[in-house]
Structure formats: C-alpha cells, structure tokens
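This is the structure I want to talk about, given as structure tokens.
Each chain carries a letter (A, B, C and D) given by its place in the written order, and its residues are counted from 1.
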Amino acid sequence: MKDVQNQYDERNISLNEVGIKDLVYPIEIKDAEGNWIPTRATISASVGLGPHQKGTHMSRFVEVIQDNDRQVDIRNIRNLLKTMQDHLEAENSFLDLKFDYFVHKTSPVTNNESLINVGVEVQAALLGNDLQFQVTVATPVTTLCPCSKEISDYSAHNQRALVTITADTHKFIPFEKYVEISEQSASSPLYTLLKRPDEKYVTEYAYDHPKFVEDVCREVKQRMDVLPGIRSYSIQVESQESIHNHQAYARVIGHPGEENH
Amino acid sequence: MKDVQNQYDERNISLNEVGIKDLVYPIEIKDAEGNWIPTRATISASVGLGPHQKGTHMSRFVEVIQDNDRQVDIRNIRNLLKTMQDHLEAENSFLDLKFDYFVHKTSPVTNNESLINVGVEVQAALLGNDLQFQVTVATPVTTLCPCSKEISDYSAHNQRALVTITADTHKFIPFEKYVEISEQSASSPLYTLLKRPDEKYVTEYAYDHPKFVEDVCREVKQRMDVLPGIRSYSIQVESQESIHNHQAYARVIGHPGEENH
Amino acid sequence: MKDVQNQYDERNISLNEVGIKDLVYPIEIKDAEGNWIPTRATISASVGLGPHQKGTHMSRFVEVIQDNDRQVDIRNIRNLLKTMQDHLEAENSFLDLKFDYFVHKTSPVTNNESLINVGVEVQAALLGNDLQFQVTVATPVTTLCPCSKEISDYSAHNQRALVTITADTHKFIPFEKYVEISEQSASSPLYTLLKRPDEKYVTEYAYDHPKFVEDVCREVKQRMDVLPGIRSYSIQVESQESIHNHQAYARVIGHPGEENH
Amino acid sequence: MKDVQNQYDERNISLNEVGIKDLVYPIEIKDAEGNWIPTRATISASVGLGPHQKGTHMSRFVEVIQDNDRQVDIRNIRNLLKTMQDHLEAENSFLDLKFDYFVHKTSPVTNNESLINVGVEVQAALLGNDLQFQVTVATPVTTLCPCSKEISDYSAHNQRALVTITADTHKFIPFEKYVEISEQSASSPLYTLLKRPDEKYVTEYAYDHPKFVEDVCREVKQRMDVLPGIRSYSIQVESQESIHNHQAYARVIGHPGEENH
C-alpha cells in the first residue's frame, strides 16, 4: 500500500507541530513519592514536520502512549519525548497532558480527611536535545473582599476563586507545592468535607484574611520568587465575584531565572 | 436527482424527532413590549417522522428559520411551528432556542444602570394542533449561608448561585418576571455595575437575608404558586459554595395546574 | 453549636432533592466481571427534604461516598442509596455519577489493540424501598450519508456521530452492550488505533453501509427492543455533519416494558 | 467612604493586568463596511497596576464599555484603550472580545443564501502609546483524507475541521478575509443551507481536493505570507477525524514581518 504521508512535498514548508489532540485516555502518573496514580488524561502529542515530508503517521502517537502499560513518569518525560522523536523520525517532539489531580485535605478543627480536585496541565517539548518543561496547576480557593469588609458595618462578600500558576521549571516540583502556595496566599483554602466547627473556623479565618485578587496574585508571586528551580512563571487569579456575574482577575509574570537553583 | 429521503422505509418505525441541532444563528426575539431584540441563538428544530419515510429534508429547517428576516415572535411561536409542520409535511414540530437575555439593572444606592445576562431557553412543540410551551430562565444571585452566620462570631460565607426556573405555561410570561422572582427569593441580586455605597448596601443586605439553597428554592416555589398562567414548573438552585469546590443544590417541582389562570 | 439545618421550618414545603452537585472525585467502579476500575467521576448526591426541616447536612454526602474506600458497585447501588437514606434521615435518596468509560477495541485487519472512551452516566434513586435505575452511554461512531452517496458520481460525506442511549433497566446491563448496539447500527465503529490496511477497511465499510441519523436511530431501536431487561429507553443520534456547521439528529423513545425479561 | 483600592501597597510589586473577565455583554461591532453589527461578546478588560497601588477600580471597566452606547469600532480600538488608561489612571490597558461572527454564504449550485458562524477573538493592548492588535478567526471547513482516498477502492473518510488563524496585524483586516483563506485551503467550505445539487457538488469537490491537516496548514501559510499588513501569525488546523474519537492537528507560526505592507 502506498505511503502517502511519506511522499515528497514540493512546498518546502516545515510545520512546527503535527499530531493528535484531545485523545481521552486512562494513564497512570508517577507522583512525587514514586507511586503510580491512575487518572484519565486529555492528551495532545505531536512532532515537527520537515519541509519535504507530506504528512506524519498519526497512529504511532497512540502506540507510544500505550507502551509501558500507559504509565507516564513525569520526572522522566524526556525518555517518552525521545521515543516519540525516534518512532516518528522527527527532531522535535511535544506532549501535553491535562488531568484532574487530587490533593489530601484535613479539615482545620475536626481533622476530617477528604480529597480536593485541582486542574493540572503538563506541557513538555524536546527540541533536538533541549527539554522544555512547563506545569500548570489551578487551585480553587476563597477570596474575601477587603473593600467590602472595610466599608460595611458587618460581613463582607466572599467567593470561590481560582489561582492558576504556570511554571517553566528546571526540575519536577510536586503539584502539591503549587497548591500549598496558592492556598497560603488566599483568604482561605477550600475543603471537600467540613463539619460545623470547621465551617465556623474557615468563615472567621477568611474574614481575618481579606484579599483582593491583586493581593493573592502578589503573595503567590512572593512565594514563587523564592521557590528553587523556577525559570519563569505566570500567575493568574480569578474571583467568581459573589456580587457580580463576571470575574475579577489579576495576572503577573516573572522570570526568577537561573540564579535560584 | 433521486430523493433518497422520500424512499419507502420497510421498518415501520416512527421517530419522535428528526432535525437539526446546535445551529448558531443571529435572530431577533420580540420582547414583552413588542420590540425586536437582536441576539445569537443556539437552535434545534425538528419534526416527527412517519413509519415509512426514510428521512427528513434537513435543509428546510434552515429555510423556515431564515424566513421573515430571522425574526422569532415568542408569543406567536405556534405560527412558526405550523410553518415547520407544513414545510416538512409532518404532524409534530419542535423548536428549541437557547440564548443570553439581558436585563436592565439599577444599582441600589447610586442608581447606576447596567445590563446583566441571564440564560434563557424556549422549548416549544406543536403536536398536531396542541401547543406545548416551556421556558427556562437561569438567574444568577447571591446566597449567604445561615448556618455559617449563626455559628460564626462574625461574617458568613456567601457566593454566586444560579436559580433555574423551568415553567410550562398557558401563555407567554416575560423573562423579567422569572428574574424578579429569583432575585426576591435570594440573599441578594447580582449587579454588573456597583459603586462603593452600592457594595456596602449589597454586602449588608445579603447578611441580613441569609438563605440556604433550600430557602431560596422554597421561596421561589411560593412565588411561582401564585403566579397566574403556570401549568407546572421545576425549580433548581445551585450555590457555588465559597468554602467547597462543589455545589450545594435544591430542587422542587410543582403543578399549580389549571385553577390559577 | 446550634444546628440551623435541623430547625423547624414553618413553610410546610417538601423539596424533591437537596444535596451536593458537581463533586469531582476519584472512585472505583465495579465492572461486569467484578473488577474495580479506577475512574474520576462527577457526582451529584441528594435526598428528599421533609416539609418542616430547614436544611440537610451536606457534609454527610461526602462521608457516605468516602466510605468503603470510595468504591461504587453499580450492581449493588441500592445499598449505597440505603446508606444515604439512613445517614441523612430521609425517605428518598438520589445518586448521579458521570464518568468516561474505556472500551477495548481491536482494529479490523491488523488486530491492533487500543481503548476508546465512551461517556457514561448512572442515575439511581431509592424512593422509599423502590429502586429506579437509569444508565446513559454515549458512543462515538461514523455515519456516511446515503443521499450524498446516491446523488454523487463518487464518494459521500461522512463524519463522527454520537449515539446516546438512555435506558431504565430492571438489572445492570454492561456498558459494553450499549456500545456494541450503537456500533452495529452505525456506518462504522470508531477506533483509536488504525494502521493503513485498517483505514482502507473502515473507509470502504462505511461506504458500503450508508446511514442517515434516522437509520441509525431505527436500528438501535430494533436492537434495544429485543434486549432483555429494559423497561424504557431514549435513543438520540447526532451527526457532526462534515458539510455543515450544525448537527443532524434523530430521537426515539420506547417502552418495551415488562414482557421482555 | 475609605478608598481601600487606593491605599499604599508596601510590597512594591507591579501587576501586568488587573481587571474584569468573562463579562457577557451585548455590544455592536463596526464591520469593514462601516455598519454596526449587534452581537453578544464575552469581554475581558484590564490595566497594569503600579507597584504601590493596592487595587484597581473594577466598576470603571463596565462604565467604559457602556459609554458610546456599547459600540466598539475595531478599527478605532486605540481610542477605547486610551479611555481605559485615562479612566483607570494606568499606563497599559488591555481589551479582549470574543464573539460569534456571521459570514454570508451562497450555495455553490442553487445559489441559496445563508449565514455561517465563525468564532472571532480580538485582543488589543495599548502599552503606553504602543498599540498591539491581534485577531483570531476560527473557520469550520471540510477535510478529506488523501491517504484514505489513495488506499481505498472507493470513497475516503472526511469530516468537519477547524482552521484557526491568529494574526498580529498593522491594520484591521476584515474577518471575511481569514475565512476566505481558510476555505480556499481546505477540501471544501461548509454551508448552512445546501439543496441536493449543492450536496452532490460539495461531495465531489471534497473528493477532488483531498487534504491532510498538514496540507491545509501549509496552504493557509502560503496565503498568509502574501497577505499585506501581517506582522506575525499562528495557524492551527484541527480535524475531527470521522474514524477516530480524537483530533488530528497541525500548527505553524510565521513572521512575514514589516516588508509585506
């Protein structure tokens, strides 16, 4: 059978990426402690395409992902990207994994345990021999408005907010670290399971820690700036305003660079 | 050219609905005061299919919608459904329109004007000569937790919530009426534009009107039960809990029936 | 601490459902062969609320789900609903689980193995002692247009389509059964991994089995009508038309009832 | 009342953006011919925040958008961004508008007219006095697989695909231009209204113009490289494979730069 993809392409145009997108697949992620965590990821996988090759062989991406029992060791993602380069005969390879990650939470007074979901995206690229590695962790938190607290005789509007940190790192930093930084910088963490004494605690705690999205953004930045191993980051905080039908948001980027690690 | 859709189908199976779905189209909706309001609707249109007809003629749905300059008079939707029956040679016709609707809001202290978006869905069917007409209006509001207020020394968690009323009605009731009922039953309405004196007002107002989703649901029910023209309804209230990463919700259905109008 | 939820409510209004919604949680589902399959579900859990109880205790739903190591045996869901009734002191309980399910596929010529994701929703209710149980399986397939094939000198437009079967059943029917029925009724199944001989096969197979959404809907109905254990069903087929920017769809409901099992 | 937002912030951290997000609002867009087109946009508006200002005044963004009867002249967006700088006392301002845009289509044989929706995003920034202006247009098209055509005795799999062009431009280029380029580069355009002779035409036309996502991407690039006024662009093509449950995609970026205009 004719290999149409391998035909000579006259147009002399290289493509940055060709591959598959939005493949929903069950995989296992190796966490910071070496355990394989089962999850369901939405996956994009691609390679660069040379100027004279008509197309890539899409089925090979699925083969690479299926190998090794569908286990992805984030700390060792270079190997997976190298396999993609070899299998697809390409100089550059790209992998993007999106999944829910679950973090253990203990309620602040009654010590009830539960899990909370945070959104994670891992974007990795192997350009020749150069590994680029970027992680996004989106942590839900509470914000309580300092202006509302200041001007009102009592109470203050508060709401769920989302802290999204994207970091380009030298090495793998556990997802839990980004969650911890996000929660410490907010008016309060969220919990999946709270009994009444816990609810009293978080209500008063948030009122004692009023924060604009601007405040949360600045505090996350302060914590990211002293975290070893970060090349650059983007921080976005979105507050699902309880008094509006739109979000308030703040965003800052930073480049702590090479000196920190 | 052969009309495949008109072929005789041996299987003797009628279908409840065949048509088009998720057509995104610019239309104008005639509002309660007779004005044509431009909007962008997501449209499904269908008819019943007889037991021996192989298929329907999908392009005719688009033709019907385009007629009359894409204007849809909700009060007169029977005519549009009748046109669909005629054009598609069917006994039953169905039309589903989803769109954002914008309601005028005046801030409570400084009287600043703005618009707020509410989600509307109109589902209408003409079964032979019998018109069925159902409206859904999803209004964003604030809920403030009575338990959190009661047990905490100060403050209370609050958040954006969504009140969704679906009503099967004898006649057209302006969308604004459902919005009004939803807002009156909540801890506070939302506003798109609030200055500081307004923000103080809504913060304190919500604290003075603590409501569980259960409370909001019951209050909406009380108001729906005395609204003329309602055959039946479903009320759902979802609170985007500021202390959790999941929603609290309550739901009730009712059948005030024929006696109210 | 005061138990606000347990206060007497004067309004004398029962609510059909109160509970939590959109809880994203890692659970394990027991499949047809008795294996525990890890997945990530979006969960709603609720109970009915009596006319004089102010509110329900939302945290108990999380406790119930966490019990038994977050394992949900679909065949034994009555037990879980009973536990919810007991824990929440309610007469009626409701559980809704949405998750991706993965089905093994073997490519038709080269016999390459892979997994394909189908969308599953399980909705169960225990009303007093009466169990209601409903399953929805959404299977992606190919449809190839019989009209386009008939009128064109060559080729025919084809596209991805989604067959969604919702069934109210007397007993648990493996999800794979709904997938099999959907695929048999379409122009072709989909595959995650196809090599060139497979691609030739599925291209020609689809051309040899042209189907309108109407045809797919009728064939699924024929297969559901002879499947033992079905009380009633709804079948919807949506085709993401490759020549339009909207969907074609067909829908039929049926009540094979008690006589089939 | 105390102006908390105006307080002195000790942390000495500037923020790139603070503002509002996901405001759903009815606005009018001035099109290429000077007509005001009503639409419903999802809007983000923000400004940079200095190192010692605690917060921005979120309500002013809504005021700016409401001014001038909510009309946005894309060709004159600099004025709107300047107003935001002035109103918010900021050096940088940002505006992001997302909306459905509707393009007139005439069916290829019977000349039936209809509209098709394309997704548009306008992202503009005024950094001091320097305007940055970026447009994204996502056009739905058909792709028909050259490999499937080549290896099969008859037919070929085809499907809806999405061509997304993002361009940083020196001047406003009508959205219709991006749609035209996308459609010319695909196996076939899509249409909202096709009669049978049209359906025959597009079926055969697509078979006569088989294209991988790689081909579409390269052809769009060739057309973008000779379009005057483009500073840089990103082109992404996603094909909703009719034989898979995932997408095939290709992406290329380019910098035709200053010499073309």
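By our rule, a residue touches a chain if its C-beta (ideal position, glycine included) is under 8 Å from a C-beta of that chain, and two chains touch if they have at least 3 such contacts.
Since this is a predicted model, take the numbers as computed values, not measurements.
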item: Winner on C-beta contact pairs when A-C is weighed against C-D; value: C-D
item: Chain at maximum distance from chain B, centres defined as averaged CA atoms; value: A
item: Same or different contact residues where chain C meets its copy chain B, judged by the half mark; value: same
item: Rounded Å distance, chain C centre to chain D centre (Cα mean); value: 35
item: Distance between chain centroids, defined by C-alpha means - chain B, chain C (Å); value: 25
item: Distance from the mean Cα position of chain C to that of chain A, given in whole angstrom; value: 29
item: Shared-contact residues (touching 2 or more other chains) in chain C; value: 1, 23-24, 117, 147, 151, 192, 194, 196, 200, 244-246
item: Residues of chain A touching chain D in the complex; value: 1-2, 4-5, 9, 11, 13-24, 44, 46, 49, 54-56, 58, 146-147, 150-151, 212-215, 217-218, 221-222, 238, 244-253
item: Of all residues in chain A, those that touch chain B in their complex; value: 116-117, 140, 142, 144-145, 147-148, 151-160, 188, 190-192, 194, 196, 199-200, 202-204, 206-207, 240-246
item: Sites on chain A touched by chain C in the complex; value: 1, 3, 23-26, 38-40, 59, 62-63, 66, 100, 102, 112, 114-115, 117, 192-197, 200
